[in-house]
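There are structures below to look over.
Okay, so chain A shows up in both of these, paired with chain B first and chain C after.
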Partner chain A sequence: MKARHLDTLLLLLCLGFAWELIYALVGPDVVPSPVTTLRRAGELVQTANFWKDAASTGHAFALACAIGIGGGIAIGLLLGFSKLATEVADPMLGTIYSIPKITLYPIILLIFGLNLSAKVAFGVIHGVFPVIIATMSALRNVPPIHRRTAHVLGLSPAATISTVLVPAALPEIFSGIRIGVAVTLLGTLLAEMFASASGLGFALTRAMELHEVVDIFALALLIFASAAILNGSLLALERRLRGHD
Partner chain B sequence: MTDPALVDAGIHIEARGITKIFAAVGGGNDVHAVGPLDLDIRHGEFFSVVGPSGCGKSTLLDILAGLTRPTSGTVVCAGAKVGAAVPDGIGVVFQQDASFAWLSVKDNVAFGLRRKGFAAPEIKRRVDHALAFMGLSGFAGAYPAQLSGGMRQRVCIARTLVMQPSVLLLDEPFAALDQQTRLLMGDELLRIWRDTGATVVLITHALDEAGMLSDRIGIMSARPGRFIDIVATGWPRDRDSRIVSDRHFGEVTARLWTRLREESLRAIGRDEMPASAAQQAHRP
Partner chain C sequence: MINRLTMIPPTEMAGALWQIASSGKFNADILFTVTNTAAAITLSVIGGFLAGATLHAMPRLRHAANPLLSAYYAVPVFVFYPLLIVAFGVGRGALIAMGALVGIVAMIVNTLDGLDRVPPVLIKTAEVLKLGYARKLLLVRLPAALPYLVTGVKLAAAYSVIGIVAGEFILATAGIGKRIAFGYQDFDNRTMYGMLLLLLILVMVVNGALAYWEKRLHRRFGRS
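Moving on, here comes the complex of A and B:
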């Protein structure tokens, strides 16, 4: 536990040092110093505009997670219980997963327009596939002995699913959820950056267009920190879930 | 191989004309795994099945348990026909670790009782008893990953015992354990068998295990598996692993091995041919 915290601290120090070094090399017009950036980030979080953008991103992200992760688990479970469906769907899903979704963005825009639903849709198409794939693979990886045990104990098919197969698959499904959440955030921010009028991604693009270098870095730092905290909490939850592995 | 003298002696499990043929997958030949075979197992008997690997021992156990339907033939257990579902009163323990990693030892053992809707006090009573009986009381709150392989197998046995089965079917339950643990688990199995009065059918590839534990040992042929001999050991009911030093133990295992050796050679396709001749024969 302690060692892990120490590792994180060391990593942050190294990143800070590298940043400082780059800053010293290329100068403040391209990369602001860590201290300047931190100060600007501190100012930003006290402005109403920042929180309006954060709320907008959070709203889209939460919806995209609910639809993408929930839908991914549901679809993954449906497909995963059938061996045939798994075999048919698996290579297709793998291919779709590896397509750069950004190429689909024009289509998403045409369908949904410049608003919340486009952001949500873009988050969903990022997050849903890793979750489906992880859920299917988790079910496939449940040792056959568990099904036999359920049968021997006289469990109905429904009870087998809810009390044996899903609990057995849960840790692996959760790994998929963690990845799904991360890429959903990515998708949401991308959508905001490319065509949107609100959200942190939009704020970032605006800062880029105005060449507000310190703002770009401060926003990126804040987004990075939120994503790291989110991922860290999910990882901690996953560790607890796997606690007795 | 039906012994007419046994029919009156209280038959618990009766298998008649059992065959199992696995349908070919992808253009291969059908695999005739088992039979036809007959088998009678008495109430409270400790019966072991030995045979060359791949002879269909485990398939036979699956059929007795109702986990697999035989291609033909019937199994009657305590007067009721064994069908597609595992009948109440039959407990099965597998070779592989079947403990649930997400449940504590206590919850693993209570699992079957909870699913069957037993009352909480009864569950607690049975679970506490089974944990004490299997020497797991100190590990009630532990998770399987924290236990050794032998301890995990105890958890699986305890989970089966709390259902109070009248028939205990064991599919090489100690095969994954080291030799000392196996001998000790053998002693525990004898204790369970005596204390519960259950009928035990043990599938094993370890001849010493079969010779030490069983009242009778069925020797199966190479595939398709049939019984080529049934050896009665004549051990007293009150016995433990120390009978391995008994002179009669050597006779029992020697007889098992003599019958099995030719079958095992046949199973690997050698008959009594010397190895070099066999290789010659395979050359085009």
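Moving on, here comes the complex of A and C:
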């Protein structure tokens, strides 16, 4: 366990070194050095503007997560309880999940207008499908013996759901939630990059248009780091839910 | 019922698509996106396969890279697009690189998965038959891993399209995504919905074909 973490750390160091090498090759106009980027990132987190953008992104992201995950679990449970509904909906959801949703953003903008709700809606259409699919498949994978036991014990449908099915399906639903959270963040940032007046995605596009290479790198690094931390903590929670392995 | 500025009826979308197809006014854009996507998919499939095979041969490196690979799709890699623009300029280069970057890791992960699942008995048989390294790779390992490799190709294709179209949306010189974004900005709903429909049809056809191929391969190899 420890040795593996060390290896990963070594690999990250190598990647940092490769970055430095590329910087030495192509020069500061294209790629800033790691040190400059880190310093700029350190400066950025002390500015009020950065936190305004981060708060705007965070607000949209949190709303989108709440709606996408809540809605996804509700729809997934509804569909998952009926075998017929699962079989009909599964291939359709798979197809919808695979289309590039960025193409739908103009439609969403036309419906919601250029504001917070468009960002939230775009995040939601990214995040809701993996959660629905995971919830449905989690219910399908609950061992039949659980249901039969509940039946034998004479549990009411509500008690069966809350004390048997949901606990049994929870770990798999949770990995759906983790994927959902990740793509919701992607959706929110994409929405901000394409058309928006605030947020980290907007700050990125602005830096790109002004050709502020160091700013782009620093922002990308900060977004990367927060996404990685978020994913890591969800993963740790998931491991705990699964008990062991 | 719905404001015409928001959405046009489906029949009109199909009509707009027909008009686009018959007039040929966007042929250059369509070709631009299709060739870029093909290039990005090719790059990510070949690169991903080579990287996956290399990692498979080096277990220690693989264990070290594993957390990075599994976290890759959890971070929005697309935020790299502005950097690619700076590095390659606005044009094909940045788009192809974006598409390949988004697609390659799916291919790496599935290559590893496929090589892991080659049944040990096949490898042993190959050793009994005294096949050389190259023939063992070509005749035994690759065919056995093929269903998983096709899964990788399917995912890499889906992700590459997202990377490229998203890139065209943000900043590009041409392409289907660019036309859709332009149509949106000019309130030219016929162009926007027509191109949108075209893109969705293209994606669904490619995805459907790959999914069908994948299913057939899995069925054929699933029995062993």
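We adopt the following convention: the second predicted complex is superposed on the first by the 233 of 245 C-alpha atoms of A that agree within 3 Å, B and C clash if a C-alpha of one lies under 4 Å from a C-alpha of the other, contacts with A are read in each partner's own complex, and residues count from 1 in each chain.
Assume contacts are C-beta pairs under 8 Å (C-beta built on N, C-alpha and C of every residue); 3 or more make two chains touch, one makes a residue touch a chain.
Predicted model only: the values in this text are computed from it and were never measured.
Asker: Following the overlay on chain A, give me a clash-or-fit verdict for chain B and chain C.
Answerer: After superposition on chain A, which the two structures share, chain B sits beside chain C with no clash.
Asker: Could you look at A:125 and tell me whether it touches chain B, chain C, both or neither (first, second, both, neither)?
Answerer: Neither partner.
Asker: Between chain B (first) and chain C (second), which does A:186 come into contact with in this model arrangement: first, second, both, or neither?
Answerer: second
Asker: For A:173, decide between first (touching chain B), second (touching chain C), both and neither.
Answerer: A:173: touches no partner chain.
Asker: Contact-wise, after the overlay, does A:165 reach chain B, chain C, both or neither (first, second, both, neither)?
Answerer: So A:165 meets neither chain B nor chain C here.
Asker: In this superposed model, does chain C or chain B come into contact with more residues of chain A?
Answerer: C
Asker: If you stack the two complexes on chain A, which partner ends up touching A:116: first (chain B), second (chain C), both, or neither?
Answerer: A:116: touches no partner chain.
Asker: Should A:134 be classified as contacting the first partner (chain B), the second (chain C), both, or neither?
Answerer: A:134 contacts neither chain B nor chain C.
Asker: Upon superposition of the two complexes, what minimum C-alpha distance (Å) separates chain B from chain C?
Answerer: Once the two complexes are overlaid, chain B and chain C approach no closer than 22 Å between C-alpha atoms.
Asker: Residues of chain B touching chain A in their complex?
Answerer: So the residues of chain B in touch with chain A come to 65, 67, 85-86, 88, 90-92, 94, 96-98, 100-104, 111-112, 115-116, 143-146, 163.
Asker: Which chain C residues qualify as touching chain A in the complex?
Answerer: 5-7, 60-61, 63-68, 71, 73-76, 78-83, 85-87, 158, 161-162, 165-166, 169-171, 177, 180-181, 183-184, 192, 196, 199-200, 203-204, 207-208
Asker: Considering the complex alone, what residue numbers of chain A touch chain B?
Answerer: That would be residues 143, 145-146, 148-149, 151-155, 159, 163-164, 167-168, 170, 243-245 of chain A.
Asker: Can you list the residues on chain A that touch chain C in the complex?
Answerer: Within the complex, chain A contacts chain C at residues 4, 7-8, 10-12, 26, 29-31, 95, 98-107, 109-111, 178, 182, 185-186, 189-190, 193-194, 201, 204-205, 207-208, 211, 213, 216-217, 219-220, 223-224, 227-228, 230-232.
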